[in-house]
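Down below is the structure, laid out as structure tokens.
Letters A, B, C and D name the chains as they come in the text, with residue numbers starting at 1 for each one.
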Amino acid sequence: MKHAATRIGFLALLAGAALAPRLSAQEQFIPMPSYRVGPYAAGGTGVFGGFIDYLDMLNLRDKGINGVKLTWEECETEYKNDRGVECYERLKGKGPTGAAVFNFLSTGITYAVIERATADKIPVVSIGYGRTDASDGRVFPYVFPLITNYWSQNTAKIRFIGMKEGGMDKLKGKKIVNLHHGSAYGKETIPVLDLQAKKYGFTVTHIEVAHPGNEQESQWLQIRQLKPDWVILRGWGVMNPVALKTAAKVGYPRDHIIGVWWSGAEEDVEPAGEAAIGYIAAGFHPSGTDFPVMKEVQKYVYSGGHKGNLEDLSRFGKTYYNRGIITGIINTEAIRTAQAKFGKKPLTGEQVRWGLENLNIDDKRLKELGAVGLLQPVKASCKDHEGGGAIKFQQWDGKKWNVITDWIPSDQSIVRPMIEESAAAYAREKGITPRDCSKE
Amino acid sequence: MIYREAGQFQTTYSGDMRIFPIRQDRIAAGLLLGIAFLVVPFVGNDYWFGAILIPFLILSLAALGLNLLTGYAGQISLGSAAFMAVGAFAAFNLMLRVQGLSVLLAFAGAGLVAAGVGLVFGLPSLRIKGFYLAVTSLAAQFSIEWVLTRFPWFTNHNPSGVISAQKIVILGLRFDTPVRRYLLTLAIVALLALAAKNLVRSRVGRAWMAVRDMDVAAEVIGIPMLRTKLTAFAVSSFYCGVAGALWAFAYLGTVEPQAFDLNRSFQILFMIIIGGMGSILGSFLGAAFIVLLPILLNVATHALLPASVSGSLTSNLELIVFGGLIVFFLALEPHGLARLWQIGKEKLRLWPFPH
Amino acid sequence: MERSERIGDVILSVEGVSLSFGGVRALDDVSLEVREREICAVIGPNGAGKSSLLNVVNAVYRPQKGVVRFLFKGVERRPTHPQAAARLGIARTFQNIALFKGMSALDNLMTGRYLKMHSTLLEQALYWGRGQREEIRHRRKVEEVIDFLQIEAIRKTPVGRLPYGLQKRVELGRALAAEPRLLLLDEPMAGMNLEEKQDMCRFILDVNDQFDTTIVLIEHDMAVVMDISDRVAVLDYGRKIADGPPDDVRGNPKVIEAYLGVAS
Amino acid sequence: MDWSFFVEVLVGGLLAGVMYSLVALGFVLIYKASGVFNFAQGAMVFAAALVFARLREKGVGLLPAALLTLALLVAFAFGVEKLVLRPLVNQPPIALFMATIGLAFLIEGIAQGVLGAQVHSLDIGVSDVPIQVRGIAISKFDLFSAGVAAILVAALALFFSRTRTGRALRAVADDHQAALAVGIPLQRIWAIVWSVAGFVALVAGVLWGCRIGVQFSLTFLALKALPVLILGGFESIPGAIVGGLIVGASEKLAEVYLGPRIGSGLENWFPYVLAVVFLLVRPEGLFGERRIERV
């Protein structure tokens, strides 16, 4: 166990350690409020590992962004809201121009900092999590749930099921079970599902799994009684492998279980072993290493004696790691966009916000980035802070995830009104007057 | 200034029954409050107010509440966070549904609602004793959390079950900056701490301790068991409820029921054990230890360790050192930091003469 | 001689009380009358049911048979609960000290006055006006007891740290703080050295004639019992085998056989 | 009502309950002998499983891996006794309880720091397929776990009644003087108890690890053990088993038959409410010995 050895070495090294280097003027500071301990450490280490490695790659390959070196500092949040807020406050002022943009990888923390960040004029990016109705940029100028949010995902998922059934009209009379985690996150898609159930005439049963969900005997026995055509797995951490194992136990076909993207990482299926084979999960990006950008990271960060952020190289190209890579792409592209307007220098959060709002990663740009197929085209606007919304579905074969669909677009005709209604309610609650985007 | 009580004689009972009979203590306490109210607001910054002091004060308040119940009345509870949740959601709904209600009244209301719930879960305490009583508080912990997520009414039908607290405005004064919220929190916590101190040095406080130390003897003296225990539960829950309301309104701004999960309850319990059972001061020391130390360690590791050291390692180092320190301090003084402080003072009193 | 004149009417009458735990009989048809201002001693070998008798008197135990009646100023009361007994003005000490270990001697005594204090929770929280005045007023009362028992020096000491003899004294103080009409003392001198015993005897007698307190005490030390008590009741295996002035009891053959015989 | 379904839920619950009991056992052992509520038991389960899993990944055989892990746990137990229990001997139990909390942080930190935070799968060659018994599907793995639990309890029973050390442990549970009379120093006994608890943690960790993967969430199992302990009484091994069965069965039945009516997800609190009701009737727990208050 080589890593173990080096780690133990470091444990000893604590006492006589050197001081971290100071920041210089031509640097853009990006805070890293990560979590590397506790129940969700697998996700935290993976995503922030990819995020940091991508920034590292940019620094090594082309001296940062247009010559502006990227710097960052980690702060352990332990996935707790109060620790997250502390990290936010601690890091927001770092660097010559302050924090450029925050990514918390936690819905709870994102919620907790929205008002602070808006007051401090620092954008908060939440890719695939966070406050869904923040997609309405008129009410939430500083919050960017980019690429896709839970509700969009859910509509895409119903579309996928429709495809499988051979047309949306075939959904009529079908039975779907929504097996969700017993938390705010878990309950979030209940309204959008009910809405679609009405629209397409299928019945949906919501079954809750109490946190942490390491025992699901009763839920799956219920499911077996219901004999649903499909089960949507809105899981979290340990709940996912347990769900698959228990499904196998009661003999429910795994290829009719469709997970959300927080149930779609290797960490979610590997512990289930055999039981996970055939299971389908949504994702706004695939796993795997055969994308030019991954090769670049491999080349610059993990060769020539340079050590990347991953301790366990086998995680390179895994789902969480790739999610970190695209997080890196989105953030840095926003900074690049902003630099085009404000000049090639370290930028303030407010300037980066403009960059995010005018972010436009088209197919051409994707090709340049070497991320075709890894990332969908993203175009944000003052009105729409989501800017994507399409989903790919992948199936687990026992070894790896195989993408089984192309990008399946979400049904904004359902999602958008819900978002605007919810955002408007928030605006009323807070006395916010939404921006007029025609003036932006 | 040397710490001496020589030459100080109490000539009146009222003098002898003051919170700080010794002059130096009075001066020290006065100074501390003076600094907290008059100096800190000018020297502190947003980080200190918004991320360190406010949560520290709020959790101290919660710890104080639990200490009244567990430390003084001897009724163990693992559900303090649930009562914080009740407070937070009660305050939110009061503000939401009662037109033009003053925030302070909403906080008081939140405390009372929590006290009411606390009473209910306190009832079994007459029959169930010792560690077994923990189960009732655990029942409270989980069922309350469940109820708050189960019924959307409590969150005003927010799709993600999160409440975002209303603005704090008192007599037209907006508490929208960290420093103002800090002062508000400090004022509330200081007042409630004083009230707690008064309670534990009067009749009801003595009754609590009597029940804790020797319930049969207490009964023979004429102390009504159920009423005394229930008072403890109610008062304790009141404190936790106000703390929860502050957590939502003065600190985070938005909270979900999961913010008050079992871990929070345990965190608060740790505070009073490390700080000192049956000690007002201990509640604050304990909160400082449990809240501030991990942050301090996090800052320290990032300052000391070279950037090359992996984040995972530093994060785990923090855990290890934190755990180690807990064990170390307990080995040093099993009765908590407050006792350590007290012993230190007694030593200082006798200094330089050992006997 | 004028002691006998001080002694008034019956204020406590235990009538045909039987008590048993499971199969074990602790008290078997015991009757006892105690008169106002009397010092009545209950003696008997270990396990004779002495403590049980006291526990029945202040309603810690409920007897299966018989009644316990109090006649204060002609009004009859039958307390069914220790608190009720306390409200009637019955205070007691315990065989193995039952002080509130975590509190100072002073607070233990203040706790003794619980029933005499009435300020509301809010008044106590504010510690202002009535709340504070009440505390001070009762502190004054308690200080009288402290002076009486000569424990000024240990006022603020946590009772856990006190030596055994002093703890016994503080426990007596806690009982006295309640200004009881009837004081039940369960082996107040057990495990004391000679001078501690003498002090305790003096306190008991002083309490009796300064505060007119009626006293029922359990004691092993014959000498003590014989010279402080007006009347002695003897229990043996849960039954009362003798009751009367010390000298009669001393002469009673049953007692000598059952108890003193064993002792000497 | 569908009886075969009811039976299925019941059986599933009982088997789940056995899994809870496995975790609860560790608590009972330590509480019995040292009167400490060991908050670190969950962390021990996690750490044991993690070490075992990593060894397996390195290609170490089942038995050697188990033995190596066990050796580590024993060393740990002796370390704990020396560094944590001894300084706190004769201190209020609450202080010891808190110390074990510090211990939990230590274990979690070291385990994750040295062995990483990834999720590991674990397979000991027992597949988790259902077998049909009179039309009722029962998981093979669950039956296996139940068997292991039974053997474990039997082994512990023998250990406590037959061996000299075991009897000494029982003596300690009753009173410490007696233990000294038996002639085994208290320190040794505590170290041994913690080792045994470590062994139980390993068994629980491996079985649970196979079920849900070896990951941090294993520490949460302590929560499931709590109501079991409270129902069964902290000092009783049979209590832990029976308590587990009651909790498992009741929560499953509640979830299936109550859930649809008053809302699902009540599994988490139902056992506690049950325990409260139960304790109101019998305050000393299922197997805890009744204490008479002497005045």
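Basically, a contact is a pair of C-beta atoms (placed from the backbone, for glycine too) under 8 Å apart; a residue touches a chain by one contact, two chains touch by 3 or more.
Just so you know, these numbers come straight off a predicted model, no measurement behind them.
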| field | Of B-C and A-D, pair with higher C-beta contact tally | value | A-D
| task | Just grab the chain with the largest centre-to-centre distance to chain D, centres being mean Cα coordinates. | result | C
| note | chain A and chain B have mean C-alpha positions lying a whole-number Å distance apart equal to 36
| field | Centre-of-Cα separation between chain C and chain B, whole angstrom | value | 41
| query | Between chain B and chain D, what's the gap in Å when you average each chain's C-alpha atoms? | reply | 32
| query | Which chain A residues touch at least two other chains? | reply | 7, 11, 36-37, 41, 45, 182, 210-211, 311
| message | If I count partner chains per residue in chain D, which residues reach a count of at least 2? | response | 108-109, 112-113, 116-117, 263, 265-266, 268, 295
| remark: Contacts with two or more other chains occur in chain C at residues 60, 94, 98
| Which residues, counting only chain A, touch chain B once they are in their complex? | 7, 10-11, 13-14, 17-21, 32, 34-37, 41, 45, 48, 73-76, 78, 81-83, 85-86, 88-90, 93, 107-108, 111-112, 114-116, 131-133, 182-185, 187-188, 190-191, 210-211, 307, 309, 311, 422, 426, 429-431
| task | Enumerate the contact residues on chain D facing chain B in the complex. | result | 37, 83-84, 87-88, 91-92, 94-95, 97-99, 101-110, 112-113, 116-117, 223, 226-227, 230, 234, 263, 265-266, 268-269, 272-273, 275-276, 279-280, 283-285, 293, 295
| field | Residue ranges of chain D in contact with chain A within the complex | value | 2, 5, 8-9, 12-13, 16, 19, 54, 58, 108-109, 112-123, 127-130, 137, 139, 208, 211-217, 220-221, 224, 251-253, 255-256, 259-260, 263-268
| Contact residues on chain B for chain A in the complex? | 46-47, 50-52, 55, 146, 149, 159-162, 164, 166-167, 251-259, 261, 294-295, 298-299, 301-320
| message | Help me check something: in the complex, which residues belonging to chain B touch chain C? | response | 13-14, 17, 195, 198-199, 201-207, 209-210, 212-214, 216-224, 231, 235, 278
